[in-house]
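Okay, so subunit A shows up in both of these, paired with subunit B first and subunit C after.
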Partner chain A sequence: MTLELSLNQQPAHARQGSSIGQPLTRRDGFLKVTGAARYAADNHPPGMLYAVLAVSSIARGRVASLDVEAAKAHKGVVEVMTPQNRPALAADPDAKDHPFMFRLDLLQNDQVRYPNQSIAVVIAETLEAATEGAALLSPRYEVLPARVGLDGAESFVPRGVGVGGPAVQHKGDVEAGLKSAKTRIEATYETPAQYHNAMEPHAIVVAWDGDTLSIDTPSQGLAMAQGRIAGLFGIAPENVHIRSPFLGGGFGSKGMISGPQILGILAARLVGRPVKLVLRREQMYGPVGHRAPTRQTLRMGMDGEGRLTALDHHAKTTSSTFDDFFEPAADASHTLYASPAIATSHDAVRLDTGTPLFMRAPGEATGSIALESAIDEAAYACGMDPLEFRLRNYAEVEPMTGKPFSSKALRECYRQAAETFGWASRPLQPRLMRDADGFLTGWGMGTATFPAIMFQAEARAVLKADGSGVMETGAQDMGQGAWTAFAQIAADGLGLDIDQVDFRAGSSDLPNAGIAGGSGHTATAGMAIHNAGAAVIARLADLATGDEASPLYGAGNEGVLARGGRLYRRDDESRGESYAEILTRAGLTEIEGHGKGAPDPASQENYAKHAHGAVFAEVKVDPDFGQIRVTRLVGAFAAGRVINPRLVRSQYYGGMIWGVSFALHEEAITDRRSGRIQNANLAEYHVPVNADVPSVEALLVHEDDPHVNALGIKGVGEIGITGTAGAVANAVWHATGVRPRRFPIRIEDLLG
Partner chain B sequence: MTKTTIPVHLDINGRHHDLQLEPRVTLLDALRDRLGLTGTKKGCDHGQCGACTVHVDGERVLACLTLAAQVEGRTITTIEGLAREGEMHPVQAAFLEQDAFQCGYCTPGQIMSAVACIREGHAGSDDEIREYMAGNLCRCGAYPHIVAAIRQAALEVQS
Partner chain C sequence: MRDFSYLRANSLDAARQAAALPGAMLLAGGTTLIDLAKCGVAEPDSLVDITHLTGLNSIDVNERGATIGALARMGHVADHADIKSRFPAISEALWQAASAQIRNMATIGGNLMQRTRCPYFRDPMNFPACNKREPGSGCSAMGGVTRGHAVLGTSDACIAMYPGDLAVALVAFDAIVHLGERQIPVDDFFLLPGTTPDKEHAIEPGEMITAIEIPGTAAARRSTYLKIRDRQSYEFAAASAAVGIEFEADGRTIRDLRVALGGVATKPWRARAVEDALKGKGLEPDAVRAASLLAIQGAVDHGANHYKIELAPRVVARAILRLGETA
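The block that comes next holds the complex of A and B.
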C-alpha cells in the first residue's frame, strides 16, 4: 500500500517546532570533549594481539629477502605474515569488477609497486614487540628505477576521469573563439600531490568467530566495506559486522576499505586471535590514497567587453601503474563561467606511487585553484575588477550542458561576501596596498562551487506505543555532524521532539546509508530518513483515520498533520490525538516504516545542481622575506537547506582552511632518485596550525531549492576549499604583482 | 616478560596504578593499552601533532615522547580526569558550545593544551591563543572555533 501523505509533500521548513534549521550543539559532543568517544583503535577485545606493518622503502622492484627468523626471535612476537603464509583469499586482490573496486596490496606476491606498500605484518603480544619485530625484518630488495613526476612516463588519455566522466569534452569551437577574441591569456599552473592526513590513522580491530567477523574500523562507506570484505573472504556480507561510530577524519581516504585494514583481518585469521592493526603516520603515505598532482593549462579569450569567447582547460595528472583514478581537474570549467566555446581535456602518466583517490573536492579543488587564478589573470588583462569580470561572465544556465540551475544564489553570495569584506575599495593594480608595518597587502577573490550529488540510502523508522521513535540508518559521522543533523531530520520526519527519537547509526547491521562522501551524505541519508519517517507516519495515520474511536476518523491521510508526537486534522487542529493513544488502542507495541534516498531521475535530467559560494581573502607579504600570511577570509555560500547552521559553519571553515592549505602549505615531495616521499610526517608535510589561520567568516546565504530533493539539501562538506585556494593565490598576486603558477606558493617564487 | 620489565608506579587522575612495564613503553601506550585510558589519542607518535597531550604536574606534555617510567611519582592528568563529578571543565563546556571540533580525534589533546594555555596566562588575545595552541593540529580545521572556545573559557576560569 502506498499512501501519499501530505507531510511528505509539504516543505519541511514550513512546519512549526521543526528541528531542522536549529543550531543544536553536537549530540556526540559530550563524548568527544570528555574522551569517551570510542574510535576504532580504542577497542581492546580480550586476548587481542598487536599487528604492525612492515612497508617497502623502495618505489619499485621486489622484496628479495626478509629476516623472518630475527623478527620471530624477538620476545613477544607471535607470528610474521608474509606472502609465504598469508591465509588464502576467495578473490584476487588485483581483480577489478567495477570502477570503485580498487586493487589492494595484500601480500599476494613479492612485488613492490610503490613506496610504503605493505610487505609483511608482524603480530605480537605488545605493540612494542610488534614494532621492533617489523624493524628486525631488515628487508633486502631488487630495485628498479622509479618513475616519478608528471613527466616521468609516457602520457595517455584515460578512458574516464573522476567517477568515470569523459576525459575530453567540448562545446562550440574553442580555437575560433580564441581567434576572434580581443584579449587572450594562457597560463599553466602546477598543483602537488597531497595526502589526506586525517588525524586518526587508519586502524582496525578484528575478531573472527568461525566464519563471522567482528570489526571496528573507521569507514565512510560501511555497506561498501562490508561487501568488499565479504567478497575477499568468501563469506556472506551479513557475517561481516563493522562498527564505525566515529571517524577521526576521513576526507575520502576512508571511503574504500584499504589494503592495510584487510591485512589486519588476515592477521587475525592467521593467528586465530583478535588483532589490532594501526597505521603509523608515515605508512599513510601510500596505501590509503592521495590527491594526484596536476599540471593545468588554461587558455581564455575575451571580447572587448570582457565576455569570454572561449575557455580551454587541459589537465595532466598521474595514477599508479596498476590502477585507475584520474583527478578530474579540468571539469571545474564546466559549470562556473558562461562561454560560447568550452573545451576540457585530461591526460595522465602512470607512476610508481600508491593509487590516487578522492580527496576532499577531488577535481574541484585542483581545478578551482587553476581556473580562479586564470580568471583573475583574464580580468586583469581586460582591465576589469575581478568581481565585475565574474559577474560579466555569470552563467545563467550551466555552460557545458545548457541546463537551467535547480537554484543558484551566487549573485547574492558575491554581494554579501564582497560587502562584508569591503571589496569595493580595492585598487585594480597590484602592489599598491601596505599596512602600518609596511607589509604588502593584497585582496583576492574566488568563486566556489560543488555539485549537489546524491547516492542511494535506506532507513528504517519505528514508532513505539510509549510515544517515542527510533530511526536507523548506517550513517557515518566523520566530523561533519551526522549524529546531530540526521537526528534533526529524523525528529521532523517522525513529527517528534528530538529527545523522543533514538537515532542509531555507524554500524553495518543497520540499513545502508550509502557513502559519506561527495558532500552527498546529508542529502542522501537525510532523504531516506525523511521518507522512512513519512512511511511510518502514514501507517499511523492509516490506523487513526480508519478507527471510529479516533477524533481523526475519516480525515483521510491527506488530511492529517504530524507534530510533537500527535496527529492533527489539517482542517481543524483542535482535533487530534497522540501517537501513544493511537497505537495503544490498536493494540500495537510498535509500527515501522522504510524509506529510501536517491536522486530523482527527472530532476537529474532537467537541472544542473550545484552549490555555490564566493570567497574573499586578504594576505600580507613581507616585502623583504616574502613570507605570506593570510589575515582575513570571508566566504558566503548558498547550498540549499541548512539542517544545522552551527555545524554547517564549521564545515565551511574547515573547507576554507583546506583552501588556505592548498594555496600555501601542503605538498608531498618525492625524491626523484628513489621515488620515496621525503616528508611523510606531520612536521614536514605542512598542514595549517592554529597560528596559520586568520579571522574567518562564513556567511550562510539563504537558498530554496525545490528540485534537488524534497528537503532542499545540497551539501556543504567540500565547497569551502574551492574558491578559497584561488582567492588566496589572487590576493598574493595583488599584494606582490607576482602571479603564482605553482602551488603551494613558495617564498622563492615571490622573491624571484 | 618479568626479566625485561620494571615496576612503574603512576598517579593518574587521582588514582594510583602499579604497573610492570618494559622500559621502552611510552606514557601514551601505557595509558591506552595498559590502563584503558583511550581518551588520549595517537596521531603521529612523533610529537608532531599534539593529539596525545596530557598534563604532568600541571604542565602540558606529549605522552608519545614521554616514557612511562619517566613520570613515576608525578601527577598525571588525562582528558578523563578533567571533569569533576560529572561536571564538564569550563574548557570542555566551551568546546562543546562553540563547536570547537568536528571529528573529535584531536579534541582531547586540544582541550588539555587549552587548559594549560589558560593556566600559563597565554590566552590574553586571539593572536596569543593561536600561537600557544599551534602545537595541536586539527585537520578538520576547527581552529577559529577553538580560539573562540578558549577565549570564552579563559574569561570563565579567570572570573
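The block that comes next holds the complex of A and C.
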C-alpha cells in the first residue's frame, strides 16, 4: 500500500549508536517538495464524479425551498442530494454516545443551525458543473435572527469543559486570599474566534463496493474515523478502508471525521459511483470546527514578597446550539503558578455557529495568553521583574492537585532562554527602550506548558529471515514528521539500522495508532512501536537462547542485547549472531510481535505530567502608527526525550509562530446581523507570513522523565503556542505602556 | 462556475473587438479576475486572453518620463533599474503589493482594474444587496463589518475602498492612462462612487488599457511610498501615502510636492490641500504634521474604520518628513 514511504528510505547517516536522537530529515520531505506526494484529493478512481456542497447563507432557520430541477437541468449534473433522497443512515447523526463523538449535519432535515451548514450536495461529471449546479439551487429560507457574540445569548455553566473536565474547580479560599493580599490586580482579556485553516482543505475520494468502502481522506485519527463511519453506515469497521498517507495540516480539525466528508460517502452511495468532494476554503468556516472566542477575567492577590495569595481565573466562551465543546481556557491556571488558593470557572453561551473543536492547544493557548498577561500585570504591580516574579511563584508541585511533577526542568528553561535573549538588561518600566530608527522596543516573556497526554495505540513488528524488519501502525503524519520519528523509534526497537526497517503507516488497515492530537502521538504510537519491537526481539531471543547451535544458547532473555541486526550476550558482547542466522536456522521466514502504547494508570495517579518552556519576545512598535513587528523570539523547552532534534525544533518554531499569530493576526470577523464570517479566506484571515517572523530560536533543554513512559517522551506539538502569545502581548505592553486587552492586537489599539 | 468561452487574442484590434461584445472580459494575469469568477462576482460569457499580444509589456524610461506597457508584470516593473532610480514611489508601491507569486503573474493594466476587497461585494451568494454589483440593491456593508472601508470619497450608495497601491503613486505623479489612442489622466480614470458605484473607471466597452505614462519630474525622482498595515507583507494598506518632493535651489524650500493616499478612499486619493499648504515652505515637522491633517478633510467613518482617519495624516507626515531627511 504505502509505496511512497518505502521509496524514500533515508540514506545511512553518519551516526553513532541509536537512531533516536538523530536529526534525520523528514522521510516525506523529498516527495512533498517534488510534488510526488499524493494527497487525498489527488486521487481519481475510474468513473469518479465530483460532489460540491451547497451551504446555507443564513445562520438560523430552515430551508424553505431548493430549485433542484434547475440544478439537475444543468449540463453534467447527475444528481442532487437533499434531505428528501439522502440514503438512509444506520445511526442518528445527532446522537452523541461519548464526548469525542460530535453531532454532524448530514441533511437529516431542513433546519439550519449555522452559516455554511450543508443543505444539499450536487454531484456532476465535472467540478465546474457541480459548482454551477450548487449555485442554481437558489435556496429560499425562513430566517430567524442569528445569535452572535459572547453576549449573544443567556449564559450558563456547562457540565464539562474540554474533554469533560469540571467547569468549576477550586482549592483554598480565593476571596480570603485576595482580602489578605498586599497587592491585587484584576484584568479582563478577550480572544476571538479562530479557524484551523489547514493548508489542505477537507477532502474525500470514496468508492463503494457492496458494503465495503474505499476512502482517501486526510485524518488525524484513522481508527476513530473508521469506527464513526462504520457506525453511521451500519457496516463492519474492517469494511472501511481509509488511506491517509499525507495531511496538509490538521491542527485538530481533522481529528474527527467531519460532516462534509460523510456527505461525500453518502453521495457515492446515492449515485453508485466513486465520488470526490473537496471543501472550498470558505466552506471550512463552519462544519469542520473552530476555536471559540473567550472573555477571561483574572484576579490575583500578592503578599509583600510578591507571592500569590490567590488566583482566580474565569472564562466565558461559546458553543453551538446543538453540541458541546467548551474551550477550557481557565484550566490554564491549574498547573503553572503556586498559590494557596486557586479558583477556575467557566460559563458559556450557545450561538448559531458550527460546533467549536480542538484547535492548536485548545484551552491551553487561549488561557495562556490571558494568564501570562495577568502575571505580567501582577509582577509590575509588585514592582518586580516578570521573570523574578515567576520564579517567586514557581510551582514545586502541581498547584491544583498537589501532585509531584514527573519531571519539570522549567527553571533551566527560564535560565537558558533568558540568558540567550539577554533579558537581564531589561528596564522594569515600559516605554523606555527605543531603537536607532525610533521604534518603541519592548521585551516580554511567558511561561509555556502543555500536558503530557497519552492515548491508546497498537503496533505490529516483523523480523524477516533476510535480517530486515517491518513496523506497522496506522499513524498519521500531519506534516510534523511523525513517520520519521516513528521510524527512528522502530529502528531502535528492532535493533536495526533505520534503512533496514520498512515503516508502514497511514492506513486504517494497519494497527490502531490512536489519534495525532493532544501532542500525544509520538508518546502513544511511539510506545506501541517500542513495545512491538521489544516483543518481536523477545521472540527472537527465545529462539536463539533455546537453540544449542546458537552462541547465545542459555543466555536467557535478560542477558541478550539487540543492535545492528544482531543479538549479543549482555555479559560478553563478543558472542552474538545476526537475526538472519537465527531465523534461517529456525526455518522461519518471519516472526512478529505486537505492542501497545497507553498511559500507565499508576504513574497517572501519582504524578502531574507536563512539558514546560519559557519564551521571550522582542517587539518593535512604530510610535505614530501602532504597527507592531516581532523582531526576536527565544524559547527554551523541556519536554522529555527528544526523538529527533531537527523535527522537535521545527515543532517549537511552528508553535511559536502560531503564538505570534494568536497575539497579532488571527481573527474570524463576524457580521453581527447575519452571523456570517466576513473574512473566510486566506487573503483576509491572517496568519503570519515569512516577513512577520524574522528570528526564532528554540533551545532544547535536557530532561529525563522516568515516569511518563519507558521512552521518556512528553510531547512537543502544541506547547510552543502557549507562552509565546503572552510573551508577545507583554512585549507590546513593555514597548508602549498600553496593556493589550483584546486579541489580536491591532493598529487601532495602539494609535493612542 | 458558468461555462464561458476562451479566446486568445492575436492582435490589439481583435482583442478590442472581442472585448466589446456583451459578456466579454479581458484576461491578463487573472489574479483578480479568476478570484472574482470563483466568488460569483464576475460571470463572463467569454474571456479574451491578452497575454499573448506582443509589444505591450515594454518598460521605456527616458528624460521625459516612463511608459509602461499594460502587460508588463508588476514584479518586472518593481525591479526595473530606471523605475527604481527615477520613480522610487512606483517601485516601492509595487513591491509592497500582494505577494511575490502574484506580482510575477499580475500585469500593470490588470492592477489598475482590480476591484474592491469589500467582503459584501465579493459574496453575492450571501449578500445580494450591493450597489456596486447591482445598482439600487442597497449596501450591505453599511452597518456591517467596515474596518477596511473607505473614509474619503464615500457616498450614500457605497463606501468601498479602492485597494490598489500602484494607482496611488500614479495619481501623485499625474500619470496618463493610454487606452489605445485615447489618453486620460489617471486621476480622471478612477471615478467616485456617487450614485453610480458600479461605474468605477472612465473606460468604455471595447477599450483597453495599453500603457501607462508617467511624466518624469524632480518630485517623482525624490519620492517614496509608505504603506502601513497589521501584517508585514501580503496585506492591503490600512493607510498608505505616495509622496514626492522637489526643493528649490536652496535645498530647503519646497518647490513641488505630491501627496496621494491609499487604503482610505474610494479611489486613489490626491491630497492637493496638503501640497498647497506646504509649497513654498520649509520642512518644519510641526507644520508638516499640521498640513497633513488636511489630507483627511471631509473624512467620514463607519465605526470600525475610524482609525484610518487618525492614521492617514500620520502616514502622510512621516512620508514627507522622511523624504526631507534624505535631502
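Note that in this section the second predicted complex is superposed on the first by the 735 of 752 C-alpha atoms of A that agree within 3 Å, B and C clash if a C-alpha of one lies under 4 Å from a C-alpha of the other, contacts with A are read in each partner's own complex, and residues count from 1 in each chain.
Definition applied: contacts are C-beta pairs under 8 Å (C-beta built on N, C-alpha and C of every residue); 3 or more make two chains touch, one makes a residue touch a chain.
Note that the structure is a prediction, hence the values are computed from the model and not measured.
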Mind working out whether A:679 is in touch with subunit B, subunit C, both or neither, as first, second, both or neither?
second
Exercise for review: Considering only touches as defined above, state whether A:28 meets subunit B (first), subunit C (second), both or neither.
Suggested key: first
Partner chain(s) touched by A:688 [first = subunit B, second = subunit C, both, neither]: both
### Message
If we overlay the two complexes on their shared chain A, which of subunit B and subunit C does A:128 touch? Say first, second, both or neither.
### Response
both
| In the superposed arrangement, does A:246 touch subunit B (first), subunit C (second), both or neither? | first
With both complexes superposed on chain A, which partner does A:44 reach: first (subunit B), second (subunit C), both or neither? first
Answer with first, second, both or neither: which of subunit B and subunit C does A:64 touch in the superposed model? neither
Across subunit A, the partner (subunit B or subunit C) reaching more residues is B
Partner chain(s) touched by A:73 [first = subunit B, second = subunit C, both, neither]
neither
Going through subunit A, the residues touched by subunit B and also by subunit C turn out to be 75, 128, 683, 688-692
Seen from subunit A, its contact residues with subunit B in the complex are 25-26, 28-39, 41-42, 44, 75-76, 126-128, 197-201, 246-251, 278, 280-281, 478-481, 646-647, 649-651, 653-658, 681-683, 687-693, 695-696
As the complex stands, subunit C meets subunit A at residues 1-3, 40, 99, 117, 119-120, 123, 125-127, 143-145, 147, 228-235, 238, 306-307, 310-311, 314-315, 317-318
Subunit A partner, complex, touching residues on subunit B are 1, 4, 22, 24-25, 29, 32-33, 36-46, 48-49, 51, 78-80, 82-83, 88, 92-93, 95-97, 99, 101-108, 111, 126, 129-131, 133-147
Subunit A contacts subunit C in the complex at 57, 75, 115, 128, 131-132, 135, 622, 624-629, 664-665, 669-674, 676, 678-679, 683-684, 686, 688-692, 744, 746-748, 751
